[in-house]
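So, here's a batch of structures to check.
Consider the two complexes below, in which chain A is the common component and chain B and chain C are the respective partners.
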Partner chain A sequence: MPKEPEISLAEKTFVLEALKQNLRIDGRDIHSFRDIQLSFGDDYGFVDVRLGKTRVLARISAEVIKPRQDRPFEGTFTISTEMGPMASPSFEVGRPTNLDHTLSRLLEKSIRRSTALDLESLCIVTAQRVWSLRADLHFLSHDGNLIDTACIATITALAHFRLPVVTVSGEDITIHPVTERVPVPLSLLHWPICVTFSFLGEDEDGEMVCVLDATAQEEALREGDMTITVNKNGEVCQISKSGGVAVEAETLMKCARMAAEKVKGIDKLITTALRDDEVTRNKGNLDWLKEGRSENER
Partner chain B sequence: MSLDALEIILPGDALPQLSPLLTQQPDQPQDTKPRSLRLGPGLTLSPSTPSTPILPYRYGTLNLTTHTKRPTASILSTPRHYHPSPNDPVLVTLLRTTAEQFMVQLTPYTPPAIIPFENYIINNAGTTASARKSRPNLPIGATIYARVSVVHKHLEAVELSVPGPDYGEVISQKNTSSTPSGQKTKKESQSSSSAAAGGTTGAASLANRSEVTPYILTTSQPMTKLLLAEDTLGKPLLSAVASKVPFEMIVGKNGRVWIDAATQKEVVKVVRCFKEFDEAEAWNDDDGGLVRGREIVGRVCGR
Partner chain C sequence: MASSPLAPEISLNPLPQADGSCQYTCPTSRTTILTSVNGPLEVRPKDELPSHATIEVIVKPGIGVAGVRETRLSSLIHSTLQSLILTNHHPRTLIQIVAQIVQAEDHTSLPLLLTPLLNCTILSLLIAGIPMRTVGWSVHLAVVQGAKGIKGVEGQVFKLEGGGDDGMETEESEEVVVRNPNSEILSRAKSSHTLTFSKEGDILLIESLECSQGSGGESADGQGWDISDFLKLAEEGKRICCEEGVEIIREALADRKVF
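Right after this comes the complex of A and B.
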C-alpha cells in the first residue's frame, strides 16, 4: 500500500503549537468549518459537496425490486462508498483502508440506523414491488474530514432526490416519467449530520484541544477523533469514538453541544441551497412544469 | 506567462535548432578550444540515433544560450510534479537512518532518496559524516537542505549531497553563530534601511533569535519557480508580503518552502499569502500575479 507522506518535524511542532493559540494554517478558528459549497447536477439526487479541497459527489438512484420476505412493507436503501486513488494516492482500489471501513460504518449508523429515510414509504405493492434506493458516493479529493463531507453529501442528495410517481390499479403498476407527472420528494424524517472532532494534545490550561473540520494534515497529527451525529432538533443520533486519546465526560458534553450548534448552521445552509436550486431549476422552465400538473388532461 | 509565441517541444522531437551549435561555423574565427554544447535539464544524448544526436525527454520550450564560449541548451517547462535534476537545491524530510546513509523523502508517494554519509559535509574543513563521531544525530522527520547530486534512470534512488555547512539540517542551523549565506536564506525586511544593507544585519538578527517557529509549506511547481526567482518573477508577491511581515524563507525546488518569522501568527500570515496565491493560480496571470498578489496580501495581513 502506498505510504502516507512523512510529515516533517517542523510542520508537526508548528501545527500543534499554533493550535494551542487557537491558530490554524488556513487562518480559521479551531471551531469553525471551511466554507461548504454545494452544487447540484441536472438530475435530481446529484450533489457535489466541497469543503476546501475535500470534494465528494453523491448520486441517488432508484429501481423497483421485490422486497425481502421478512420485510414485505419496506423498500431498501444502501449506501456505497468506495475510495479510489483519485481522492488520494494512499487509497487503492479493492483494498479498503481503515478510513473506508469507519466511513461506511458511520454513514450506516448515522443515516440508515437512525431511520432518516422512511423505508415504508418506498413500498409500492406489499410483498410485490418496492423501491430500492442506492446512494453512490464518489470521493474526488481528500483534504481531511471525509466523514462529515460524505454525510452532508448523502443527506443533501436524499433531500434533493425525487421519486417518479407510481399509480397502482389492480395488478398494473404504472411508473410515470418525470415529464408526465411531477416526481415526489422522499420522505425524510430528519437530517442527521455528522460532526467530527479531532483531538490534538492539550493546551496550557490542560484542556483538550478539539478541532472541527480537520484538514488532512491535522488528521495525520491527531491523537484521537470522535464523530457525533446530530439532527437540527439537537437530537444525538450516534456517537462514535473508536480508540485514540481518552476524553473526559465534560469535554464530550461540550463537543455534543457544539455539534448541535454547528448542525443547525449546516442544516440551514443545505435548506437554502436546495431552495435556490429549485428556483433556478424552474426558471424559464415553467411550461415544462405545468405540463406535469395533475389537473392537466392526460 | 504566454507560450503562444514559443514552440512547444515534445519528448523525442528532432531539434534542428541545435545543429548550428554542434557544427563549426566556417565564417567564424576558429576557437582556440573546441566548443562543446552544454546540455541542461530535459535534453539527453542519444548515441543510437546519429541523425539527431540530442533528444528531448520532457515537454516544454527550448532555451538556447548562443554564447560563443559556452553555448547551452535546455528544455524549459513547469511540470505538475517535481523531476529531480542535478544541482537542484531541495528540502527533504528524514525518514530513517541506515548504516551508510540517510533515507529521505524528496516528494511524497515516491521511493525515498538517499544522502550517503560521505556526501554529507558538516563543516568548512570538508569533514564528512562518515565517521560515527561526526555524524549529526538527526531525529526522524528532520528537514535537510540538500542538493541533488546523481539522478540516473537505472539507479533506484536519487542521490543527494550536503555540500557544505550552508546546507544541512535547517532548524538547528539557525541557532548556530554562523549565519547562513545570503544565497541560501532569502531575507525580506520591512524597513528599507536594513533591506538596503542586505542580508547581513537583518538575517543575523532573525537567525540569532533563541526561538524559532518555522513551517514547511508545500507549493506547486510554478509557485516554487516564482519563489526561487525572487528578484524577477517573485518580486511583486514577495515585496508585497515583506512590506507587511518580515520573514525568512528557504526554497527547495521539490516544492517545499521553509518559512520563519518573528511569531507564529506572522508565519501563518506569510503561509496563507503564499498558499492562497498558489491556489488561485495567480502565477498564471498576465501581470505575474501583481494585482491578485496585492489583493491577497491585503486581505490576509490587513491594509
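Right after this comes the complex of A and C.
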C-alpha cells in the first residue's frame, strides 16, 4: 500500500519556523480548534462530525443479549474503530496501524473506563437479558486529530441515541417499537472529551510549542503528543503520553487547564447541536414530545 | 431531473482527500452510500497483474464488521466494474474503491444496498478520472401485487402490460412493478430484480437477490415469476437505465465537463 508522502525539508522548515512565531499554516491561533460541524442522520444515534477536512461518522446500535456470567447486572458497550483506505490510502483493511491501536485504546480509556455510560442501566432482567450497545466509528477523511474527532463523535452519538422502551412482565419481555412508545435516552453520567496536544519544537524563548487540533501535516512533523480527557466539570479522566519528547510538569499543568477550558466550549456546542436537532425532529409535533416527558401533566 | 422525486440526491467529491468520491441517497428508501476511489495506486505484489490494473472493492457495513454479506456485495460490484473499467490502461497498478454504507433502512438487505452502491461507485469512478469503456446505471425493480395503499411510491409504479404510465390507477390484484422499492414494499414483493445496463443498453448485471431461487424459478414465497414477465421487466429496466440513468449522470456531472 502507498505510504504517506514524506514532508520535504523546505515544507518542514517553513511550518516549524512559522510556529515559532505563533503562526499556523491555516491561519488559526495555535491554541484553537477548527470549526466543529455536527450533523445528525434520520435515525437516532447517528452523527457526522467534521473538523476541517477530518470527517468521522459514528453510529450507535443496540441489541438484546444474555449478560456475561460474572457480570449479571451489566449491559455491554463496545466501540469499534476500524480504519479503511477511505480515510487515507495508507490505511489498509485488516492491518491496523499504530494510530488504530492508539485510537481504540484511548477511546476505551476515555469513555468506557471512565464509566461515562452507566452499564447497569442497560440491564433488563438480571442474568437473563441486557442491552448490548455498539458504537461503530467510520473514518471518512483524515486530516489530523482523528482522536478528538472520534471522541466527540462517540459522545455525541451516545447522547443522541434513544433506547426502545422495554416492559417486563414475569418472563415476558416486550420491546416497544419507536412508533409505539417514545424511546428513552441513555443514562450518560458525564461527557468525557479528548483534547490532543502536539509538541513541535521550541520557540524563541525556549518554551515548548504546543498546538491544539493538529492537521495531518502538523501531526507528521510533531515530536510528541499528549491526549488529556476531561469532562465539562473539569475532572481529568485520563492523560495519555506515550513516547515522544519529554514534557515539563509545568507544561502538563498548563495543558490540562487549557483542555478543561476547551472541553467546556465543545460541551456547549454538542448540547446546542443536540437541542437544535431535537427541535427540528419534532417540528409541528410538539405534543408528541411533551407526552414523552414525565414532568408534564397527563 | 434534479427536482423529480425519482432522482437520487448526489453530492460529488464530499471527501477532499480521495481522488474521487460521491455520496448517493436513494430517493425512496433513504439508503445513503459514500464511496471513494483512489487510483491508480501502487499495488501489493501478490495482487499485481502484468497487463491490467487490479480493481479492489471494499464494502464497509454501517453496523458491525464486514462479513459474508459485504464480501458478496463487493464481488458483485467488482464483476460489474471489471467490464466497465479499461484496466489495460494502467497495468500493474491498483484501483481502490471503498464503499461505506452510511445509512440504510435495513442494513442486512442485499438488494436494497446493491443499486445505490453500484450507482455511487460509477459516479465516483467518473470523478476520479478512471478510464472507462462506458458508463452504467443500476435500477432495482420489485414486482408487487396491487400497489394500492403503499405510501411514498408515487410516480415509481408502472404496469407490466403494455408499458406504464406514472401515477395511473391500478386494480387491487394487478401486478405492478415498483422502482427502487423501500423495505416495506420489498417485503410484499413477489420478486425483485437488480438490473444494470450500460449507456448503450448492454446488460452488465442481473441479480434477483433474496426473492428468487435460481434461474427463472420461484420466489422465496413460492409464488414464482415467469420468464415473460421478467423479459418485460428487463425491457423497462433497460429504458430506465439508458435514458433516465444516463440523464442523471449527465446532470450530476454537468458543471464538471466530463462528458
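Brief remarks follow.
As a convention for this text, the second predicted complex is superposed on the first by the 283 of 298 C-alpha atoms of A that agree within 3 Å, B and C clash if a C-alpha of one lies under 4 Å from a C-alpha of the other, contacts with A are read in each partner's own complex, and residues count from 1 in each chain.
Rule of thumb we're sticking to: a contact is a pair of C-beta atoms (placed from the backbone, for glycine too) under 8 Å apart; a residue touches a chain by one contact, two chains touch by 3 or more.
Only a predicted model underlies this, so the values are computations on that prediction, with no experimental measurement involved.
Ranked by how many residues of chain A each touches, chain B and chain C are led by C.
When the shared chain is aligned, no partner comes close enough to touch A:Pro72: not chain B, not chain C.
Once the two complexes are laid over each other on the shared chain, residue contacts for A:Ser8 go to chain B alone; chain C is not touched. When the two complexes are overlaid on their common chain A, residue A:Pro89 makes contact with chain B and with chain C alike. After overlaying the two complexes on the shared chain, residue contacts for A:Gly27 are found with chain B alone; chain C is out of touch. When both complexes are overlaid on chain A, the residue A:Gly224 reaches neither chain B nor chain C. By the document's definition of touching, of the two partners only chain B reaches A:Glu17; chain C does not. The contact surfaces that chain B and chain C form on chain A in the two complexes overlap at residues 2, 89.
Taken together, the chain A residues at the contact with chain B in this complex read 2-3, 5-12, 14, 17-18, 21, 23-27, 89-90.
Those residues of chain A whose C-beta lies close enough to touch chain C in the complex are 1-2, 41-43, 46, 53, 55, 57, 59, 61, 80, 82, 84-89, 93, 134, 136, 138, 140-143. Partner chain A is touched in their complex by these residues of chain B: 93, 95, 105, 108-109, 139-143, 170-171, 213-216, 258, 264-265, 267-268, 271-272, 275, 300.
Residue ranges on chain C touching chain A, taken from their complex, read 15-18, 30, 32, 34, 36, 38, 41-42, 44, 58, 60, 62-65, 96, 98, 100, 102-103.
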